[in-house]
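Both complexes below contain subunit A, partnered by subunit B and then by subunit C.
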Partner chain A sequence: MTKNNFFENIKYESTNLNLSSGFDNDLSFSINGEKLEIPAQLTREKIKILGEFTFGEGENFDFIKYNDFRHCIDKFSSAVDECEYYEPEVLKKIAVYLELELGINISFTDTFSRMLANNELTEDYEQMKDKNFSFENLYQKYQGQTLRR
Partner chain B sequence: MIEELEKRINNKNYRIINDLVEVITTYKISSLNELKDFQDKSFTFNKIILNDKEKIDYCIKSLKSFPYDYDLLSFKEIQDYKQLMIDLENEKEIKEKIKLLIKLYTLTQREMIFPYDAYNMLIRNEL
Partner chain C sequence: MKHTKTELHTHLMGMLSAKSFLTLLKSFSNEVYWPLDKPITEDSKKVNIDLLLDNEDVLNMLQIKHGQTVPYDNLEQLYQTRTQLLKFAVQKMENKYGTLEKAERMVYSTYLNACLQELINQKVKYVEISYSLPRIMENVIINDDIAKKIECKFLLSTNRNRSLKKIKESANQLEKVLKKGIAVGFDIMGQELPLADIEKDDSNYSNNSQSFKRKLDILLTTLNQYKNSTLRIHSGETKESFANTEQILTYIDELATFYDLVIPPPEIRIGHGVYFNENDRYLSLLKKYNCIIEINASSNVALNNISSYAWLPYDYYIENDIPIVLSTDGHGLYDTSIPRENRISRTISRNYDKIVTTDQEIFERKAKK
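== the complex of A and B ==
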């Protein structure tokens, strides 16, 4: 995927989704025949995101420009550690959103399909930044959309 | 390093891997040598690195001196904690004791104390 190009990444992941119709989360999260439980699934995605943002962002993610984004990842990371207090589906959506921003292959393919179908991926970080971008606002936004379905 | 850990996540070790990744990303550790240095530093007193037995005694003392707030643990976690403490007292092997301490530290949400040993155990699918 292209780093730091949200909409290009959506296009890339959608193509992959079509190519692998029938491919679902269960396959992404099966390790040696064992299916990971939701907290373990979220932890694995969190680790991918943290690893990419800490070691892989390089010069693509300017420290000051992406300051709110960094805070959001921090809060997302803590939320995953205490995932019993959050709605797993909303955390999955945030993971998908963050992965698309960072150019990481997504694993929550079911969640991604639903987000695409429900038009929930229409704004990238640059566009959301003007509307007080934060983990809390992102959580509220996706929680609202999840509740409406 | 993180990718290797990511591949080994299962339902039993994901919290330990999570704690280890926290250490790696917080302290921007990028090699196994740096991880070893980080671990050694936690066990260095008066410029001398403790031996394995001393490290274990230090951790046990620390666990007993600063008991965890049990209110924050679930019933099952309290049972697990007690069982791990009993296993630790009965265990003779150094490596097994370290494994139990890693589990105890994660269970009680303390910072990973043996990150280098934990990494090696996880890579060998021993944890």
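== the complex of A and C ==
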């Protein structure tokens, strides 16, 4: 069985960052020449994350991991739907983290670059699960403050 | 009255009817967590499954009652509920049998045989089931009495948004199950979004990791080596995606020209094909590659992609010599059946007899290959 490896996905996506340095990364959220606003960008990534969790890599998770991710992605999804109450950059970071766990293309490439530079991608689910893996804890981790909402 | 005997567009987790799903769970546990349709939290309780069996509200946590409509998010919740319940059963069996492999074999074999029996009851004789895990496909055992009545093959599903790295891994996995005769091809799925400009950018093809054409490249060149393979693409399901199918067929055409491929193989099937650019180019591409359209009437209404069965383009395709098949997209989840999909098409299409004839030809070509 092929194992989805968070850290191998980081290496792979980092290589893609270097190869795509000639690209206009805004094209990731440009549809027929029109750039999406941030809420629409987050919605688009939410849809991809939900899809891969529900119909793809998520089916590979064991019962406990599946439950943990289902919970986290539910909360992430609700936060994206109400994104005016959250910091967009933190939601982008959570999207990047989830996409690395699931093996999806990273579209928030600038956010990903910054997370790499700031060593914010040093722990995967296996390392976080014993410390109460949750959307709230991810939000706190990437924002640096306790989530109040 | 004659009706079709193939089911070419269904998803493993969506197959078993809601009540049978709950009954099946009783084979593994008397109790289940509650609420059924939410992730387990500290506030979750346990409830006896017998108390749930005849409760309509509970059944609707596992299905979209026929005639009702839900947003796409609800579909994902239903799939997640079904998936999580089977994982719950696997965990119970792992505690009993000691290994994950034995537990998965027991649970998924029981589940699959129940699904196939329901299809047999619908007079289906050939099914291609979409699923994402090769290890389950290789591990399940179909009972002899079931195998005599229905032929079952898998399509390895892969989400359209997966990275190229994951798509390559899927292609390697597929080759193993193709060689064993367990699977017959790929299913590209996931909620359709209009392609982003970067996904369509060919200016730096070999360095563009988000190129949708590169993903098709990997899948198509793998399948072209296997004589009776299938590539199914979910496309044209929503109004927003009307341009997708023609774009995807254009990519296939470009790849076939570049690599000098004769297609089929693979057989190209378009899952849904409800929304499209109505023009000669679309039809000519469908004909060039002998594409087949899979019409899933109940699914299209359930997800509010069409407001009436009258919208379904059965006759547009048939009268332009494009073959179509009738399928359910998951008969349990959509509370439908192959006979029901036949009844719907019979009331809408002028060409129902042609649909049945085409289905018979496809069945004879595919069965016992």
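Operating definition for what follows: the second predicted complex is superposed on the first by the 134 of 149 C-alpha atoms of A that agree within 3 Å, B and C clash if a C-alpha of one lies under 4 Å from a C-alpha of the other, contacts with A are read in each partner's own complex, and residues count from 1 in each chain.
Throughout what follows, a contact is a pair of C-beta atoms (placed from the backbone, for glycine too) under 8 Å apart; a residue touches a chain by one contact, two chains touch by 3 or more.
No experiment lies behind these values; they were computed from the predicted model shown.
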item	value
Subunit A as common anchor, with subunit B and subunit C clashing or fitting	clash
Which superposed partner A:R70 touches (first subunit B, second subunit C, both, neither)	second
First (subunit B), second (subunit C), both or neither touched by A:E13	second
Dominant toucher of subunit A (residue count), subunit B or subunit C	C
First (subunit B), second (subunit C), both or neither touched by A:I47	both
First, second, both or neither for A:E37, with subunit B first and subunit C second	first
Clash with subunit B, by subunit C stretch, listed 165-173, 291-299 or 309-317	291-299
Shared subunit A contacts, counted only where both subunit B and subunit C touch the same residue	31-32, 44, 47-48, 50-51, 54-55
Subunit B contact footprint on subunit A (complex, rising order)	31-32, 34, 36-37, 39-40, 43-44, 46-48, 50-51, 54-55, 81
Touching residues (chain side subunit A, partner subunit C) in the complex	1-2, 4, 9, 12-13, 16, 19-20, 22-23, 25, 27-33, 44, 47-48, 50-63, 66-68, 70-71, 74, 77, 103-105, 107
Subunit B to subunit A touching residues, read off their complex	2-3, 5-7, 9-11, 14-15, 17-18, 21, 25, 28, 30
Interface residues, subunit C side, partner subunit A - complex	11, 13, 39-41, 73, 76, 79-80, 83-84, 87-88, 90-91, 100, 131-135, 157-159, 161-166, 169, 172-173, 189-191, 193-198, 201, 204, 207-210
